[in-house]
């Protein structure tokens, strides 16, 4: 998949790919066996969903340097695309899901002019655009989006099938990001993130590179939205455009550490697990702890779990995906 | 002698301030053109206009005879021009190797070939032991060397150096002067910006003096050294 | 029709006054500290709940709650500053990280209010006598007119403070040039703490007024006010307090007029559209002169 270095003496690459194979293999085997051994399908479904969301978000913020506070827009559009196609156009689910991805890409293209902005301006505009998306869908005719009741997908729910589809989406997302992190596009994105003007004077077509990164970051949440709509069998604007979806995505990605492939995976696993643990014990405190955890992360672990380790051990950077 | 880079009547205004006022200059392959002037004379603006970061309000830029005025910086870069910055602008959170790969990302050579070339370049700049470090971990002087290496990666026929010796200690200065001599020796047109006359006089084949956006003198080192307009611009009011 | 428009203008001024206060406190905060307070709306709603509690449990009328809220929120803001900001400024990109951190503060604050007051909408069952006053051909509720008067007094007081007093001038100087002000011997940490406390106090006071003017509020209303604050701040130019005051009133008028002329769904989008449009067309705000990004 990726260009393996032609110099066999480069042992760093060998360690790197061994780690990729080990972590990736362990993740895949573990998740594949969840339904077989009757483990908690719902918990693991959402774990995979958050791993995918946080990893895709990482392309936007870790690789490209944008903080889209309206990230949920892509997820919501994806959820409604699948729901509308299945419910109103009688598409089979498997045919509808790719269209969710396409919807995400189209939305990314529509939002592409915002990439001219930087820093907080980008964040604020992104937030506003997500608000506009929610209002537009809420106010579409009831025959299409189901109004405030939302859409029921009817008898198409199939938890185990959707579980494995979610797993496939996660694997594709992680493979894409792994490729990106070593690809020339990934280097161009990072250079643009660090200093866009300098990158452009070094011959990087900055607007194009940013657009590619942005589209990758938009595609996966849109598909996630579609799969989740299928899994829960119901879609409405309140849940599909809930700002907490953005919040969780951001927090999980930051907790693990932006800019590395493993960061968001580790962040999502740690935080989803913690979330579940707390939710079981103190269901009411869930939101509070999410908030406090975010503040604590920014103050005490701004580089995330993986980022902090790599700061202590810079020589590990070459080995850690 | 073929003209590598030329500007004709280059003009740039910022609001009411005229930063560049009809600047004409040329540099041939293998020539080092020194550009001097006090702070605010328009040296860096000139460079930014040449490489496309600023769109000039008037005049034209030609690279190897081709008009590139108004083209975006990445297109201008591919015409064969590289540069460094007054305050180093390295890609902070990327390894030195990756920093060097950025200008050659769309070259057809394989990753392994390019990496090998980058390592060779880092060795020449005495940075090879740090090749896996992040650029932000380098000292200021080392960052200047890294920029120079990055600029040279695509082997551009024209290079522009913006105050390469500012804030650099004498030993490193000497090292950099040798590298710049190598560049012109290899047939590159070198545009060297500095307000420090000593190094300019040593390296340049020709010198252009800017003041308030205008060329006030042009010629060989000896002509400039005694030129009353230059002396006045430096010492006068 | 004229009555509707007149109604729109009066309500626009009243609502706009509140928006102006929400915006001016956020812009002060950004101007001095370069932090983006995502939780500003929650601070406002906390002020509303503050008035609610004072009224329902101690029978303190909202007008009396105003100074109490101002003092309590000022103290809370002062404390919060020292918990949050000094550590934040040590991170790689404080401006962007502040956005993220206050996102967390916003969730925390909303969650706390949810725990204390549950998800139901609350309102303060307090009315002035007479309940409404005739203004020309229309009737306006006394509570709203009182709120308008108070916002006008606070805005004027704030303007006087910023332009006529020494600490106010120091604040404005800090907005314009944070480095220079340290050189001339101002303790920037104390000044920042003061700005944070002042902004929080203003948010709390605004919250009391929100409880007077708007029919109801709940633990999740904060986000709306945060968005409104962003709109006002961007419209007025980031870090420009006078701009925010004017922009707040303008936006209030625009919003109320939109509800007169547009269907409700579209009227809601107007605010977002203004925000996005301003950032693209006039990133320095309506009154800005520089066009730096």
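The chains carry the letters A, B and C, assigned in the order they are written, with residues numbered from 1 in each.
Criterion: contacts are C-beta pairs under 8 Å (C-beta built on N, C-alpha and C of every residue); 3 or more make two chains touch, one makes a residue touch a chain.
Quantities reported herein were computed from a predicted structural model and do not represent experimental measurements.
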> Of all chain pairs, which one counts the most C-beta contacts?
Replying inline: A-C
> Which chain is most remote from chain A in terms of Cα centres?
Replying inline: B
> Just how far, in Å, is the C-alpha centre of chain C from the one of chain B?
Replying inline: 49
> Just how far, in Å, is the C-alpha centre of chain B from the one of chain A?
Replying inline: 41
> How big is the gap, in whole Å, between where the Cα atoms of chain A centre and where those of chain C centre?
Replying inline: 33
> Which residues of chain A touch chain B in their complex?
Replying inline: 3, 5-7, 184, 187-188, 190-191, 193-195, 197-206, 259, 314-315, 317-318
> Which bits of chain A are touching chain C when the two form their complex?
Replying inline: 67, 69, 113, 117-121, 123-125, 127-129, 131-132, 135-136, 138-139, 243-244, 247, 250-251, 254, 284-285, 287-288, 290-300, 302-303
>> Looking at the complex, which residues from chain B come into contact with chain A?
In response: 51-53, 72-74, 76-78, 82-83, 85, 89-95, 98-99, 101-103, 105-106, 110-112, 115, 132-134, 137, 150, 154
> For the complex, which residues does chain C have touching chain A?
Replying inline: 36, 84, 87-88, 91-92, 95-97, 99-101, 103-112, 114-115, 223, 227, 230, 234, 265-266, 268-269, 272-273, 275-276, 279-280, 283, 293
